[in-house]
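One structure below.
Chain nomenclature is as follows: A, B, C and D, assigned in order of appearance, with residue numbering initiated at 1 for each chain independently.
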């Protein structure tokens, strides 16, 4: 099985050309998701195809697509399945998002190979050890922050990490770090963005008296809490819920939204389009 | 704009053939929805295309598709847009579903031309008159039931109705009627089927102590409450809700599920596949 | 049946004193909702009681409560049921919220006596006339705005209106107006506040790429879009939804959130507590 | 802090008597939940009270309530807080519900002391060992079933277990077992009951083509899948979801519904009323 993700300027005949290329080599479409943004004439697609019967090698099939891809001015990416995405998880103190990812990866819900857990506190170390995953403690307080991010960047490079998950990692990332790993960092924010940007969103939500709280899974950009949103989850709350209750109820939103966001990303179901994310849900 | 709905046995190259036909005449795909049921190797698709620039007349374009359609052993249907679906609404006493449809049709949410409202009670007559829509009162009590359905069938035929909506029409339909208008009748059932089949589902739900109530919009078949489901909606309830409260809260589920179901059907977003409905949501 | 709404500083024995007063006169509690805000030691309650068997007149029963109420430093309000709340609906162009209120009031879901519909455009006039409700057209463009609000205030006073509903009334209210009718004006904002304050929230939501849109029903205060929230409703959306789709889907959120908010208010299920609303849901 | 749970025949003055008893000894109500079922004149209440300032010992306070309780023909129960509920978890092969409970108990969301994990398969043994919780493997295939349930009953008795959680325990319980531990066993069923009773509900749901799947947390009675429902959770699904997808998506419903149901039970927020459960949500 092979996954193709592609975006290009819209024009007549794109689907015909792509699907004809696949069919001409004996591939069979399993799932075809397409979206045309008519506001700015862009075309996006994700295709799952069965290539068991193709008449060339997979490498040749992928290589041969280049002529078509370039003629469409497209950006594209092929991924053979099954696969595991090399992933590092960044944490501070709280454990619920980390536990959720570990459980789902172990269970097969998320196709991740977790190469390491990186923490600026040691609270999650015991969990990492229990699972047999290397834990890197990075000191980031005060003056050590800049150096800490360099260390993290080095770990991500050394381990050839394709995905970094900020699982309630309570540090503001420097611009150079966001840019170096653009499109490869996913964060979970504990509010339904764009409401309650910044610190302590559950307290903000309590003070505002909202009747719904939520969580937002998004790509990290240098503009804090403003990256493309992958998924959101909300939950109804009552006047009787204290800020602590909101935190408790919100944890479920965070776990669900983060798990779905990671799944969409890992299965190549997302395409970043400026400040928005195309998400072909499953 | 032209909508194509198609189903056929799955095989490699279907998408390529269809999209190439469209592209070869200068059509442009706007939205392409596809589903392959791998359990029984069936292919389903719905395609919206822009045909402003095609090189033949629309009639020739549609006619020319026959060769391809037949080679795929396909069932297909073209619908030029914009359009209005000729619709009759069947009612008994309650008004909320009728009102919802009338409001949405008037507002442009639902592309319906409502040719008549048919009731076996006169409760909805005043609403029909206020809207200037013909109201047919059909007596259906006791012995008059069989004759009543013949009258209704005649109205649907005379008015060339494409869609009959059972908007809380409290009559069990005879088999011949279901069969004659197969795929053209939509019902709203006031429970989340298959729970609480039959009469008085809100009372059943209260007695069972469920924490969620719902409504189900489905195609009518001769097997009561068992037709293909188009949409469902649920709402959380509490122990403190009486059967009357469940009816009140359930009305909102009924209105929403029915309105969505009608919309999906009217825009050719549904394909019946045995006892299931493929629904390409919008 | 009698409804009592009360708030006071918290102290031991409040429930005992109130319920003993009711029991001592032969009243029977049907529903008792209570909330103690431990963050600032405030007590809130709503009580439904059966007074068919009380040993004094209802007037004496209510009058006799004064001694207790004052000893608790309480603010309280009694309302005999059944009742109808005198209501004016303010509109501009869009009709869906107006239609929802009219349908629910006619159906008995909302205990409202709608005394008039007030519009700064004439788009809703035909609906008012069809329902036999007086329509007041108030010119509010440019220089006429200040005078327009004076006219509206006069109508609300003349008709002894207890509740003014801003059913997509697209005008910013002057401070004096908000203050004069404080706690008596309910607005529906077409976003899940506090996200997307201000104009064109659906366009803002599209540009931000959120995966959930919503609507917020709140009390009007002089601080625009910042009044106490009564209810909110959200709906999941996709990248493929255009700003127009968001408007269409959002209308359902607006109708539901506004209808629930009005119901809670009309049945005395809300108590304003600073910038938050206590809502005893039903 | 003390929790009182009580039910009795309805009559005027119950709240006054109970709250006066508490106030007379210097207790302060923190949360008062009450429900009167007017259909059969039953009164139910749950009260959280602060007893730091009471004028007698807690034992005397509880003992002294007996006179009042008996005069009301009530059933009641006091529970001092904080507390831990002694709990055994019964499992077969699947791990997601077990993991959810373990995580929430460790995190403080659920006030449980897990005394043992009991399995009729060894799949969950490694998880138990990792957490340092005793694992009892009970053979229950074929002839060993009757003896197996006797062993389990003995474990529950020996460990003074107050709550047994069937966390996807795939065995039908004998009547004597259900009766012996009536009101102390909670099950998670993988459908929104009463739909899809019995085996393989996700396959049933797929075949029926429902648009919502769900899970139901309920008390166990000898009538399979028919005990009082504590909580339910649903999730929207599409025609494109295979039976395997429904299982994957359903797991999230199961985890959430089970966790909430356990929480309500453990915090004495449930009262069984025939075949329905009163649930004072938090």
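Here is the rule we go by: a residue touches a chain if its C-beta (ideal position, glycine included) is under 8 Å from a C-beta of that chain, and two chains touch if they have at least 3 such contacts.
Model, not experiment: these values are computed from the prediction.
Trainee: On the document's contact criterion, could you list the chains that touch chain A and likewise touch chain B?
Mentor: Under the touch definition, chain A and chain B have C, D as mutual neighbours.
Trainee: Can you name the chain that lies farthest from chain C, using the mean of each chain's Cα atoms as its centre?
Mentor: Of all the other chains, the one whose centre lies farthest from chain C is A.
Trainee: Does C-D or A-D have more contacting C-beta pairs?
Mentor: Taking the two pairs in turn, the one with more contacts turns out to be C-D.
Trainee: Rounded to the nearest whole Å, what is the centre-to-centre distance of chain B and chain D, using the mean of the C-alpha atoms as each centre?
Mentor: Chain centres of chain B and chain D, defined by C-alpha means, are spaced 41 Å apart.
Trainee: Compute the distance, rounded to whole Å, between the mean C-alpha positions of chain A and chain D.
Mentor: From the centre of chain A to the centre of chain D is 36 Å.
Trainee: Pull out every residue in chain C that's touching 2 or more other chains.
Mentor: 31, 38, 240
Trainee: Which part of chain D faces chain A closely enough to touch in the complex?
Mentor: 31, 95-96, 99, 103, 107, 109, 130, 240, 245, 248, 252, 256, 282
Trainee: Over in the complex, which chain B residues touch chain D? Could you list them?
Mentor: Spelled out, the residues of chain B in touch with chain D are 35, 38-39, 192-196, 207-212, 214, 228-232, 234, 238-240, 242, 273, 275-279, 281.
Trainee: Can you list the residues on chain B that touch chain A in the complex?
Mentor: Interface residues on the chain B side: 11-17, 19-20, 22-24, 26-32, 34, 36, 38, 53.
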